[in-house]
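The first chain written gets the first letter, and so on, giving A, B, C, D and E; residue counts start at 1 in each chain.
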Amino acid sequence: MPDTTDKAGEDFEQVLDQSATEVASFDHRHHTPLERLQHLLHSNPAAVPLIVLVMSLLIFGLIVGSKFFSPFALTLILQQVAIVGFVGAAQTLVILTAGIDLSVGAIMVLSSVVMGQFTFRYGFPPEIAVLCGFAVGAACGFINGALVALVRLPPFIVTLGMWQIILASNFLYSANETIRSQDISQSAPLLQFFGNKISIGGAVLTFGVITMVLLVLALNYVLNHTSWGRHVYAVGDDPDAAELAGVRVKRTLISVYVCAGLICALAGWVLIGRIGSVSPTAGQFANIESITAVVIGGISLFGGRGSILGMMFGALIVGVFSLGLRMIGTDPQWTYLLIGLLIISAVAIDQWIRKISV
Amino acid sequence: ETIGACLITKTDTNPFFVKMKEGATAKAKELGIELKSYAGRIDGDSESQVAAIETCIVDGAKGILITASDTKGIVPAVQQARDAGLLVIALDTPLEPIDSADATFATDNFLAGELIGQWAAATLGDEAKNAKIAMLDLAVSQPSVGVLRDQGFLQGFGIDLKDPGKWGDEDDPRIVGNEVTAGNEEGGRTAMENLLQKDPGINVVYTINEPAAAGAYEALKAVGRENDVLIVSVDGGCPGVQNIADGVIGATSQQYPLLMASLGIEAIAAWAKDGTKPTNTEGKDFFDTGVALVTDQPVDGVPSIDTKEGMDKCWG
Amino acid sequence: MDKKDFGMSEPILTARNLVKRFGRVVALDHANFDLYPGEILAVIGDNGAGKSTMIKAISGAVVPDEGEVLLEGKPVHFHTPLEAQQAGIETVYQNLALSPALSIADNMFLGREWRKPGLAGKIFRQLDRSAMERFARDKLSELGLLTIQNIGQAVETLSGGQRQGVAVARAAAFGSKVIIMDEPTAALGVKESRRVLDLILDVKSRGLPIVLISHNMPHVFEVADRIHIHRLGRRLCVINPKEHSMSDAVAYMTGAKVPEELEAA
Amino acid sequence: MPDTTDKAGEDFEQVLDQSATEVASFDHRHHTPLERLQHLLHSNPAAVPLIVLVMSLLIFGLIVGSKFFSPFALTLILQQVAIVGFVGAAQTLVILTAGIDLSVGAIMVLSSVVMGQFTFRYGFPPEIAVLCGFAVGAACGFINGALVALVRLPPFIVTLGMWQIILASNFLYSANETIRSQDISQSAPLLQFFGNKISIGGAVLTFGVITMVLLVLALNYVLNHTSWGRHVYAVGDDPDAAELAGVRVKRTLISVYVCAGLICALAGWVLIGRIGSVSPTAGQFANIESITAVVIGGISLFGGRGSILGMMFGALIVGVFSLGLRMIGTDPQWTYLLIGLLIISAVAIDQWIRKISV
Amino acid sequence: MDKKDFGMSEPILTARNLVKRFGRVVALDHANFDLYPGEILAVIGDNGAGKSTMIKAISGAVVPDEGEVLLEGKPVHFHTPLEAQQAGIETVYQNLALSPALSIADNMFLGREWRKPGLAGKIFRQLDRSAMERFARDKLSELGLLTIQNIGQAVETLSGGQRQGVAVARAAAFGSKVIIMDEPTAALGVKESRRVLDLILDVKSRGLPIVLISHNMPHVFEVADRIHIHRLGRRLCVINPKEHSMSDAVAYMTGAKVPEELEAA
């Protein structure tokens, strides 16, 4: 063994009593306004999508003209994104836990079909049928959650499988029958409840739109100001760490998927209000649209980061683009192309902010 | 040995095809034919249809009834089946070229469109020249059914078609715009909202089918215009005919999928028995299974049946 | 129970014949463990000896294949760390168990958040952030982790050592019966390590027993009342640091010597 | 400071010279046959899908009867999965790097459309048009790769955006025109090259099928026995660690996406051979189908684990199920339902093996 | 260049005025660094002082905002760790940089695989697995990590200590100019730590200079030729362990004392 020069053993720690106690301050740089902005944007994850939303409104307003700024047009955008808003809320919960739910659209449609068929095929009172729809949504969510949390399968795969299973069940069960709007409004207007509206001036707000906004606000509160919400973020961030820290990870995961299922069922009910009838072929693009809203809303697909308000702004951005481009009169394919660009650039901006500011 | 037959539809979720399948199944049972049905996942899913044709060949079926998603693209697969000795009958949608199939049992979709076009023009009378028309089409890929109905409607309404193989290239100022609906309620509503946004004065709405029409009606109802707009459609499904009776849709062109399917099964049975092939309707290069205008507000010069009769003949 | 001669009361935490296999690896091979009230028990052993696995089996982070754990003489079966925490056993894991994106305060209270008093807490289940942040700041200041400027900072922005400090502070703040620390000073600087050792002695003076896994012999011999030597998945022996030298401990641990007590027994 | 009992400082390490040198052997348990099987399955990630494939062949053979075991039927399955096999190979490369490529189907179709349109619209010789198709595929892959590797955007989002952009471009460029099979076979038979076949007895092997099998075998070699392949696995496993260890992570990622783009272009060429015509609406389900094949093939969506052979077996399993169920004559919805179940159970089995055996 | 009085030649690796900011945190605040040929330079400092960041800036793992790095007097600009490795600088990072699912042998050769000789290697670019596995086994045996039974085992199945051993063995095997080790013994047991220290001395005897970051003062004073003390993002001073005591070093490092040399300078 080489000779050691100091045999004082532990004694060197004696000096610690005199060690400096000042707080290390690394932060003596001048901050430019741009940096301040970045910091602001970074600490408010919903700020970027909000700014993009306002900017796209302004730009389309300039191009399309005053028509675009009519209360009617603006509330129309809300009506058109209401369904995506609901499904996106469900998707947000799941994505915050670092999952992804490809079955949201299928659950929504199956729930709405159950609400309709239970009323018209079996003659249940609409109230009971609606409850049955919610039960189906919750059950689908529970299966998803149990497979993810208990069997520990990757959410992408579980919901990919469940998507196919639920959609096939939906077609097999409904025998592809549409229930007509007129029949519903005659014998079970409750099913169309969310189609009712309040008009203020030219603005038309359906109950569905109002409920969507309230739901998102409520979820925003729950996610940020209750234990459950914090646990959702923690589970998405690092499930092992959360488990060791004492979070009931399995229970949290299952509750998130069940919640998502319930919200999808609610979306199914709202869907009846929007399209009037009960159609088993509706909502085919709800998956992609909800994921798009979540992504443009700045929520990380890796879980644990982002705000549900961002999702709502994301959905509205897509709505503004779609309506705006149509009013300009472009080929619908251009809309898809632009939305594709929007998805990529939204995330690129988000990345940029995150990189520079801490 | 039992005779095998295949029915291949575009999807198995659209009521039109569901009904077609019911008709075929009933007829097959009656004639003692073993029928297997296949479908694409969505409209436009041609690969699934190719795979289905191949399965029928392996399976030793005698004939195939098909509503093709990709009328040009499916031709080589159809040829393969015919080479293997199967009778291939195109239902509802002609292949391109039409003689790629042994026979075609179809609605004249152009005529179907023309009837509702004429009806709409006649109903409006002099106002027709100031009409503001919304065109709710099927899909951006412009499948032939959608094009034929759309162009037929415009022809009937008296609008210059430009290229009759394409919608959207017309420059008549009466057309407010074309929007796609995917043939369902959701698409119908959004498309209608968008066109209303472009021009709130729309007073004629052409729709590709009745679910799209129902969606468009919801959008009109939302702005309180459901009573002063003329909606026309194509299909003649029972919910659609009921919607005419309820005043949701003004008129629709009814087609007969059950008839197509049962005639198809009979043709396959005949082919299996003694090799006879079906013949075309005179003057047309396909067997026309007929189309009828259903409306409760008949106009002069356009033959039509009322909703009562329509209900008797309806499907879905 | 061959350690009764230390003259202590009944053990507060006991494990008997713990077995844990990971596929073909037997990480615990009939391991025993005893912790007496109020003591600091050090656990030492080579890398891979199975120390962390034993600690996890006791604290509910892994479920042992065989064997039993007794807390205050009563058999307990923890299936999750939460159950162990609720029974009063608080653990600092080797990999820290912090959520990177959450703030320091959120991390400290993860799984046991405080709710606001009154209506907001009862009905709307609102969290009492300001109280939690105050508490977290106090605990971290005690540990001398003053260089953390902002208690709302995300844990991912902290250095390895600072993170270790947060994990230690959490355990010290909430443990009520037993505190287990798996290499709490491995990533820490001289000053910070000293703070943690002071904290361990401080916790002991509050009457709580502590299990300390460490590879740092001087630290172990400085604070431990007894030393549990782990080797090849089981307890080799328990020695009294006052009666044995560091050289003995290292020799036993590495297999250079066989403890005499054991040869006799 | 408390008194320390031993002040010998470093001296305690002197005893290390005598420390035990025997190898610790933890492995003295008896192994049951089941455990041996699990170990075997674990060390060969393609074994499980292979066994499932053989079993499903047997089961459908029993139910459907001899028709199913005809050389024609068996080679038909190969023909039907050839396209999925190609796209799945591209998908496998990307998924091994812990990415996911939602744009594979779109790249395939765009490439085939370019090959067709360049020949027929611009009158290029088919050889040049095919090369242009490959160039387009590689370019799309490069954009994906650059966004993922250089801008560091999540692959899911990049390819979600690119999917929409490429598909929209495809429709805008092709004007939705199908090029007819007859025209192609007359003036540019090269485009249908992969439709040529070799018949041996009743067995029909198209060039496309043969190429697919060869490609998968070649990729299997490259992934396991070259540096590049090892780097692909390392990047998928932990990109930061790979970077620090000296892997050119960015270059590896870009090369993977470009490779995937090229394979998709090849798939586009094979697609023309399979369906005869050039159709811009083809391949809409290539994404889902390729991901399904990869997942059933036991490849981890988290990257770094799995074998490309497994993907091929996964594709074949789906092919066997689809053909088998069609020949039984079940409603197609039941097929989707069963494939959904298959996805979930395949991954569940995989998980079980991984959990028990190490 | 105030350390010339150590009587050495020109430094082999130098850094001047390195600055690195992470958002609002200034991790490096005009830090300097000098490594002389054949020496063991220890770097010590509190948690969060910026030691790891400095090492990363030198080895290409982070690109500094300002400042320059010179290797053998020539300015170098590493943008990736690979570039530094190709220049002969091998680093053991604090978080190890191993791929969990790959085998031990694959990990050791990651980024510099050996190809088979002849056709198989040239044209088919086939890897020479058996040669690589043999080499890896030899290197690990030297380190005394004999408890690893199977060189084809995935790294994720190893204990923390065993992983550290693999990372150290890799650096020792491939470094040609400079070897940097960021807390290589933090997770290691007594026996394993000793092996790593022996290895460091062994590498030094082969003439290679080594940078050793460590919080373990006895280790540092045992092996280091010079000690670089880092504080608040920059080099506070460099001391000679033969002339200063551990207490001095700790006092400087923690701010309890200000080094005289500095007060004069």
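Everything that follows uses one rule, which is that a residue touches a chain if its C-beta (ideal position, glycine included) is under 8 Å from a C-beta of that chain, and two chains touch if they have at least 3 such contacts.
In UniProt terms, the chains line up like this: A, D = ABC transporter permease; C, E = ATP-binding cassette domain-containing protein.
Keep in mind the model is a prediction, meaning the values are calculated, not measured.
Student: Please report the minimal path length, in steps, between subunit A (ABC transporter permease) and subunit B on the chain touch graph.
Tutor: Shortest path length, in steps: 1.
Student: Farthest from subunit A (ABC transporter permease) in C-alpha centre terms, which chain would that be?
Tutor: E
Student: From the mean C-alpha coordinate of subunit A (ABC transporter permease) to that of subunit C, what's the distance rounded to whole Å?
Tutor: Roughly 39 Å separates the two chain centres.
Student: Could you please state the distance in Å, as a whole number, between where the Cα atoms of subunit B are centred and where those of subunit C are centred?
Tutor: Whole-Å distance between the two chain centres: 73.
Student: Can you compute the centre-to-centre distance for subunit A (ABC transporter permease) and subunit D (ABC transporter permease), using the mean CA position of each chain? Integer Å is fine.
Tutor: Each chain's C-alpha centroid was found; their separation is 30 Å.
Student: Give me the residues of subunit B that touch two or more other chains.
Tutor: 12, 42, 140
Student: Got the subunit E residues that touch at least 2 other chains?
Tutor: Answer for subunit E, listing residues that touch two or more other chains: 22-23, 25, 48, 147, 157, 190-191, 217-218, 222, 250, 254.
Student: Identify all positions of subunit D (ABC transporter permease) at which a residue touches two or more other chains, and write them in rising order.
Tutor: In subunit D (ABC transporter permease), residues 4, 8-10, 12-14, 16, 19, 24, 27, 171, 331, 333, 336, 358 touch at least two other chains, as defined above.
Student: Spell out the part of subunit B that touches subunit D (ABC transporter permease) in their complex, as residue ranges.
Tutor: Per the touch definition, subunit B meets subunit D (ABC transporter permease) at residues 12, 34, 36-39, 41-42, 44-48, 50-52, 54-55, 58-60, 69-70, 72-73, 75-77, 96, 140-142.
Student: Please give the residue numbers of subunit E that touch subunit D (ABC transporter permease) in the complex, ascending.
Tutor: These residues of subunit E touch subunit D (ABC transporter permease): 61, 80-82, 85, 91, 93, 95-102, 106-107, 110-113, 115, 124-127, 146-147, 149, 157, 170, 190-191, 194, 218, 222.
Student: Which bits of subunit D (ABC transporter permease) are touching subunit B when the two form their complex?
Tutor: By the definition above, subunit D (ABC transporter permease) touches subunit B via 67, 70, 72-73, 76, 79-80, 83, 171, 176, 178-182, 274-277, 279-285, 322-323, 326-327, 329, 331-333, 336.
Student: How about subunit C: which of its residues touch subunit E in the complex?
Tutor: So the residues of subunit C in touch with subunit E come to 22-23, 25, 44-49, 52, 94, 147, 157-162, 164-165, 183, 186-193, 215-218, 250, 253-254.
Student: Which bits of subunit A (ABC transporter permease) are touching subunit C when the two form their complex?
Tutor: 9-10, 12-13, 16, 19, 21, 23-25, 27, 221, 225-228, 230-231, 233-234, 237-238, 240-248, 304-305, 358
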